[in-house]
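Have a look at the structure below, then the notes.
Each chain carries a letter (A, B and C) given by its place in the written order, and its residues are counted from 1.
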Amino acid sequence: MLEVRGVRKAFAGFQAVAGVTLVVPQRSICATIGPNGAGKTTFFNLITGHLRPDSGSVVLKGRDITGLPPHEICRLGVARSFQRTNIFPRLTVFQNVQAAFLAHHRHALNLYSRVDRFYRDETDAILTSIGLVDKAHEVSGFLSHGGQKQLELGIALASEPELLLLDEPTAGMSATETHETIALIERITRDRGLTLLFTEHDMEVVFAIAQKITVLHQGHVIAEGSPAEVRADPAVKRVYLGERAP
Amino acid sequence: MAARRRLARVPWGLLVAVAALFVPAIGSRFYTFVATDIAIMALFAVSLNLLLGYGGLVSFGHAAYFGIGAYACGILMKVHAVPFSVALPAAGLLAAAFAALFGFFCVRLTKIYFAMLTLAFAQIVWAVCFKWNSVTGGEQGMSDVPYPDLSAAAWVPGLAGYRTSDHFYMLTVVLVAACLWVLRRVVRSPFGRLLTTIRENPERTEFIGVDVRRHELIAFIIAGLFAGIAGGLFGIFNRGVFPDFAYWPKSSDVLIMTILGGMGSFYGPAIGALILIILNQEITSYTEYWPFVLGSLLITLLFLFPGGVVGALGGLVRRLERMRRA
Amino acid sequence: MPDLSFLLAQSLSGLTAAMFLFLIASGLSLIFGVLRVLNFAHGSFYMLGAYLAFQFVRWGGMGPGRFWWAVLGAALSIAIVGGLVERLLLRHLYGKDELYQLLFTYGLVLIASDAAKKAWGTQQLSLSRPPGLTGASRMFGTMLPHYNLFILLLGPTIALGLWLLLNRTRAGRVIRAAALDREMLGALGVNVSWLYTGVFMLGSFLGGLGGALVTPVRAIVPGMDVEIIVEAFIVVVIGGLGSFWGTFLGAVIYGQVLAFGILIVPAFSIFSVFALMAVVLIVRPWGLLGQPLGT
């Protein structure tokens, strides 16, 4: 599904991503982990077009998408959630998800129809699957942090993606919320046959559902493999020394 | 709640427009004059609000399109004897064309830089109008812009007794109402909804598949189009077109109207135009220190009523409802 | 081909104007860099500085040294006004949309311009040159007024002084840090709120100082607030919003453009000024020495 080869990105002399190669097979669940500053979010930004790699390539389903603008990459079937919650705060929960449908089905240039009638059923379906249907008409800015993260997932799903990129989907959540969210994500990924690539801090989450883990440190890949392999890797243990061991 | 929904279904805009048509019946030339001013500025302010309230784009140079529309319509009608029915749309289209040109560069920038570039372009338009004596009349502007041919109005039952300025006023109300209807449809369309998502979060909007720059540019063009139409109407109403139509205080005046009325609602800016124009008339008859009053009003607004008049009323209504329910 | 001394005279005139502009624009740039507020009222501070200097001279006379006390008094008064404005009013708008802050400063412009009209009328006022600097000397083939020479020397001196303040003192380091990351600074125990007030006062002081110093050279009229703020905007855009030396460079460049542009294309002077600003914003919005956007 996704092949990232040798991407590099530097900011004012600081090498954030220093030659990372990663292959995400179709319908798999992959994770990138690493301590703070390892370059995970920058790496995501390079895939989704928010940043242009200095060198290297990003290939999606055989098509080179390196350097394409974000809205075009989204059109090709990639959806993403962001680390800091990125919703439309003054719109309602319903309107947030509906907007993604509107954009995905190319209604951006429709200047005359009444928008309220569009994609009502589809939006309700998504809201039901992420558990926010009873809050559909609440202003999204007032949702709890967990609720907003769920909404983010809903917005991403409404773009009907094949590849889902989630940047720290359980950040700031309690243990219960984390379990629920991860179960939800896994269920949705399986039900819809999606490919999932996510980054996380919470090791339990990663080891619970990831099939393949890539470990980043200071912009390099230092280990890659199944959860068991990564767990046993001495380089990984060194890098995580001092953090809660998996 | 049900009462509120019933109230919302009443076509207020249409009712106000029809009621407005009866202002000349009062018989006062002054009232008709003020009402024409309000109608035109209402369109100007609502067009700005497409950018400001719905798109989150702060334009300090919206008067550029107002001025271009005014000059285009005025020149076509006075110098080239083009009929109003052609001159006005042409004015709007020319303003839209410039909005496309200027907007192309402006939407590449954000916030402060966007605002400054819109101001720079507006001042360039002003400078051209100021200096291009042969076409625009330069500093003196163009006086004696003719009224459109409204002789047909005499055939409408009941209208024969009124003056040309009254006929023009009624035509203005009809045109402004039509333009506002179009703008309202745009705002309630998928395009309008996605414009608000850009306001809320441009990065996220880009990643649901919207070309944000193109979207903003289109909004810019639409806003410019209607500002140009407002300008064309104003040039006739004012019986003359002058460079200060594009000068930055015009931009700031319309910005203040929009904020005063409330940029969170569609009709807010129109109400702001109404209040500001009437206030201006009242205050300038007492004192020459209108800028002082305006400045104080603006600052008071920003601190006490950031949602404008409509926002404040809305808050009041909500508080009354809560008290009633408690 | 105009002779060298004429060109030189024009260039020096442009440089003199540039020094005044730098003084004012540096205050604007400082306030924007730290507080992220584009202060439209900065031109009003300039104007009020001029009017106040005039008033102080009217009260105290033009005796030896009196002019300088008037200038200092005017600049300090403006600093105090700025402090009050920031402390009592502006700070309540920090959390809100930038638009509100901009409109607030614009409201101040309206109020200040009318207040000045009420206090000093609409007639043009002016001050004569202070004793000691009334003469002129023949230099480089042209007559150079001593006051202008003074300004030409004062400009870089103040620039250097400001630079030293920002880069070699603890206060300066704190100010620069605030421009980069205010939250971090608060977390480090710096009283960010008073820092903001201080920066605003310093910026206002510079604006008022510029206005006070310009009184022997330019007429004091209503409308000078708007004229100067537009020029200050252009200067900071050319130089780069938030860059100190950018502002200096921008002022110098703009001064030369103004001095020679009028000679080349007199009919389009008001046009070319905004065209220059537009071109810079289109081609290189972060100016000559600013930070590229998006980083």
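Just so it is clear, a contact is a pair of C-beta atoms (placed from the backbone, for glycine too) under 8 Å apart; a residue touches a chain by one contact, two chains touch by 3 or more.
Owing to the predicted nature of the structure, the values given are computational and were not obtained by experimental measurement.
When each chain is reduced to the average of its Cα atoms, A sits farthest from subunit B.
When each chain is reduced to the mean of its CA atoms, the one lying nearest the mean of all protein CA atoms is B. For this pair, subunit A with subunit B, the centres built from the Cα atoms lie 42 Å apart. For the pair subunit A and subunit C, the distance between mean C-alpha positions equals 48 Å.
Distance between subunit B and subunit C, defined via averaged C-alpha coordinates, is recorded as 34 Å.
The residues of subunit A never reach two or more other chains; the list is empty. Interface residues of subunit B facing subunit A in the complex, by the touch rule stated above, are 185-186, 188-194, 196-197, 200-201, 203-212, 215, 218.
Those residues of subunit C that touch subunit B in the shared complex are 38, 89, 92-93, 96, 98-100, 102-104, 106-111, 113-115, 117-118, 230, 233, 237, 241, 267-268, 270-271, 274-275, 277-278, 281-282, 285, 293. On subunit A, the positions that touch subunit B within their shared complex are 48, 50, 69-71, 74-75, 79-80, 82, 86-91, 95, 98-100, 102-104, 107-116, 118, 155, 158-159. Interface residues of subunit B facing subunit C in the complex, by the touch rule stated above, are 52, 58, 105, 108-113, 115-117, 120-121, 123-124, 127-128, 130-131, 252, 255-256, 259, 289, 291-292, 294-296, 298-299, 302-303, 306.
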